[in-house]
């Protein structure tokens, strides 16, 4: 059982991610910002919960689908949004963009668009933590495609050989960029193994499969494995099975499920329309909100107040990002070397 | 070039070449990520799956090394496969199969084996795809003995080079700048072959030779227009294939004009531009009337930002400025 | 007259620089040698000095601007008010022009005759510090060299119209009619038929008598005199200060840097009598007087009026004699006596920003001195605690000597003495009222 | 000063850094010296810092690169030895897409203090797939420093600099250098990157040579001197960053250039130098730049078949003669 303070923190973090991503999609339509983006809608429970379990000195590797991870780790939403819009005040001076948003002060080492690339880097970060010997770990997030590249296997083998404290979090949203193979019930987009976990398991890596839309399930498995890692039982692998958000499209995500209506938490019957099944069964924000509401751990007015607070944060981020200048072309010529 | 009324896009011209060869030669297949039903992330395989089906148009996992190894093996076994590596950046992921296998098998087998494959890949900066989906990495394979490289600039060349590449008995890497996919131009119907290693003079001129590859040919042509307005007659030479390189045509042109600018979309340092500049500086040395100039992408990663990525693409203005510097 | 100040090439590889700081603003008066800006390269920050007095017109480049290409105009310099009507204040009187390019009989291309768009840099103020370490070589493109080889033309005899004075193929081609008209070309001129190898449009004109004489003498000199060249770099900061002081004192004639050079040459020749000689049919003639011929370019050719007994002339007197000869040369009023004879020649091309010229000996003299531009350059200075780099106004002096009459030792002694004389001008006897130091010991 | 081999000098630098930096990981230490040589201090380090040593990682070049880069991004320096450059090509996605771009793409937030060591050149008794000098390929992509050392002293100084740098550095060594002996400064000794060394001064021709070919060039220069030809041998020592000024200064003096190195000709090191000189030393060039590279074919197995691929002093002398018309 997650204590209430932590539970509410996770929920607020999920709500922040959701409102932020809705803003990102809205800006895509209204602001001439170029660049593809991969939003985190539908996977909030994974990022928000795991980040809540990490220490300040833990290190993180992530992918093009990183917005949720960065926000849940407490990075300033304004600078994050500015980076996503390619502005000079973004965390990476506008060079990284949505797919390369990297926040070192929040523990992120690299946000890589090379599929599987972060799995290789993650074992290096874990090696660093092992040397430092202070119980810090590394969490590497990757999609189901990440294991299709050879480096995934190589890195897991090394991590297992040297007992490196890395938590491999495969966020299986069961969708390739264009193939959209949602129909195959989660095995992976293109993997011969029965489950993704079969591969690390063959190398002797502790492996879990979790329903990724459930904060409770994510929390239970992740807290246990993270504890193991800190005590030297490493590495570990979690496959987070999330259900593809229907609006997911990398070049032009569409808010097909609409702006999330928190009334759906206390009025489940109000959910209608083409995507009502997704909202009722797989939307982690609505789902966890309902859990907390039903358990009496949060009141409607508290959720409304939380929503207003998050709204103000996101609005401030939006204003900051839009007020940020674009970088000058010359600014990109500097800084190849440290 | 044959006169033809028909105007089609560069992308369509490549697909047409592939489809025609597929109809002609049943020992061909196409393999890559999202190339089947999805028809490619840029619709660059449109219609192929519909016509040739699952058996000959094959989707793979995100496993470049694996799919390329498959292709090399199939080619050695006698097939003529086309493998698509989505972006040339991902050549890094097939390096061992490419450098230590595809490139060497024919030579090391004493000619006993052939590796007739085509590796099709996208190059070029545009659309803000960031540092790992925007590079023009053709200098890498050019540096590896045993590989041929083609880089078309026009729809007609695209068709002719693809046909030649498929029929070639060696591994041919075929680079398309994705920003030229929708460029339209006349393309001959039916069989059309552009031999590898034959440059094309896209515009005649007498004062300076602009040597450019792929999309940069159009930058060079734009620069030639601007130079013409200043009374400088620029010749634009498109080598069309990087290996083999038509050094004779390049050197002839530079020997005639006495001046050369090489325009390359890849990184300038240690790039194709260096190779071409060094080659013409050596071959046309006694005819040079001005330093050989290079323009390429600066030595930094491609930023994921529209204003920043613009500086990674050589411009006609840069070309004009370089030429003007030759005149003082 | 407005002059342009260009972004200088401070190193051999420099293509662009950052204008780190302006030390002047539009309207400021500047003096030669005054620092007007700091230029930052990838390696260091160097100061840019004005080489002429004047008033800053316009600053064309903002402070902090990065990537300013070499040769881009960064500012304009107007002539200072007090000197605007005084040609003598110009440190490089245009009349003192001489260089092998002109001396060899091939004039500069006529303006307008070029078919290519070219901007001539000759009007630019010579503030470009020369890069160190570059070999003394005529800048010419390989194409120009090949053409010159094929046509039997001495590439060193040409003047380049390309960037930074590079001799390009067109310069060789432009030189062809001029050369061919010297002998046997009358037929060509008469029929008006261009030589077969000339494909470009051209115009042709007969050489003046002066031009023909010059062509013949230069060709003879280059063909028959065994030239050797020695070069020395001289710091002229002290000479420039002295000149400024003397000019500021007002009463005497305005001195040019060239006056100081000629004066020093006279002293050095006096102190190195074995240089003041002439080879004549297996005999060596040593002159007991120093007569210096100073090359002056006229449209129709080169004249070399002679300053007789130069070693006896105090600086002010030397300067006024020089001015007199210049003016009369330009007015075509020289007498035969003015340019006959001489024992040594000085040829100054510094006003074009040319760092170094490699003169052809003006026969029958045994030596001709090529004088380059005085420009700030980085120099290594050995001190007690190691070598440091400083910036000094440097000038390259290059002696062309007749090896039948003098050798390397003599040339070296002469150049060393000349350097001493120019670097310690206060030690020059009679250099002016303010010269207080006694004579240096005999060199 | 002490006399020692190239390999020992390199290991000296590595050992010193292992002592100094308690966060540094050493991967592939078994390959550092080569198969035969011994280095007692290295053995001591391997025992003393066993938790920071991975003697023989799995045959997984890309993940080994990831291990080193990820550790470096975390602030823990790492050195990874890949054995042969021909195998390290497997790791190049990690090199150029992670190590090379991290600092720039993160807007300066991330640094990658990692060193990748590998052997390049013709492996005498090895298969073709073991013989490659692919440094020019990495040089074509931004963000990676590349060291090509030629003497024991240099490898110590350059390796020390690499192990203090905040940027990823590739160090490629030639097998024929490993046992070469020379004087090496004692104690802490570093050589800045981007500073070429004029190995021999001369006036008539500039030979730009890297790695083992520096010695071939020097031998050629010696023979040329006997014939009255004065050759200057310039060793860039790092090709990224490249000391353009030193190369151009030499070319301005001599007017003639021969480039001698181990990378294939097309798009190789010689191409960059040829293009650089043709643009920036144009007015000083007396002859076209000659590139002396192995032929553009794979390298066969066996010492006899490899003959055409070996750049000998005779070939260098021939190349120099060709520019001395």
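Residue numbering begins at 1 within each chain, and the chains themselves are lettered A, B, C and D in the order written.
Going forward, a contact is a pair of C-beta atoms (placed from the backbone, for glycine too) under 8 Å apart; a residue touches a chain by one contact, two chains touch by 3 or more.
None of the values given here were measured: they were computed from a predicted structure.
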item: Chain at maximum distance from chain B, centres defined as averaged CA atoms; value: C
item: Comparison of A-D and B-C by number of C-beta pairs in contact, larger one; value: A-D
item: Cα-centroid distance, chain A relative to chain D, in whole angstrom; value: 41
item: Where chain B and chain C are represented by their mean Cα positions, the distance between them in whole Å; value: 52
item: Inter-chain centre distance, chain A versus chain C - centres from mean C-alpha coordinates, in Å; value: 72
item: Length of the line joining the C-alpha centres of chain B and chain D, rounded to whole Å; value: 30
item: Shared-contact residues (touching 2 or more other chains) in chain B; value: 89, 93, 130-132, 285, 288, 290, 298-301, 303-304
item: Residues of chain A whose C-beta touches two or more other chains; value: 94-96, 100, 112-114, 150, 330, 335-336
item: Chain C residues counted as touching two or more neighbouring chains; value: 141-142, 164, 166
item: Touch-based graph of the chains, sorted into line, ring, star, complete or other; value: other
item: Each pair of chains that touches, named by its two labels; value: A-B, A-D, B-C, B-D, C-D
item: Chain B-touching residues of chain D, taken from the complex the two chains share; value: 86-87, 89-90, 92-93, 95-97, 100-101, 104-105, 128-129, 132, 134, 136-137, 139-143, 240, 242, 263-264, 266-280, 282, 285, 287-291, 295-298, 300-301
item: Residue ranges of chain B touching chain C (in the complex, touch as defined); value: 207, 230-232, 258, 285-290, 325-328
item: Chain A - residues contacting chain D, complex; value: 59, 61, 90-96, 100, 102-105, 109-110, 112-114, 117, 119-132, 138, 150-151, 154-155, 157-158, 161-162, 335-338
item: Residue ranges of chain A touching chain B (in the complex, touch as defined); value: 33-36, 86, 94-100, 112-116, 145, 148-150, 176-179, 189-191, 326-336
item: Chain A contact footprint on chain D (complex, rising order); value: 22-23, 25, 51-52, 54, 57-58, 60, 62-76, 78, 93-94, 97-98, 102-111, 142-143, 145, 165-167
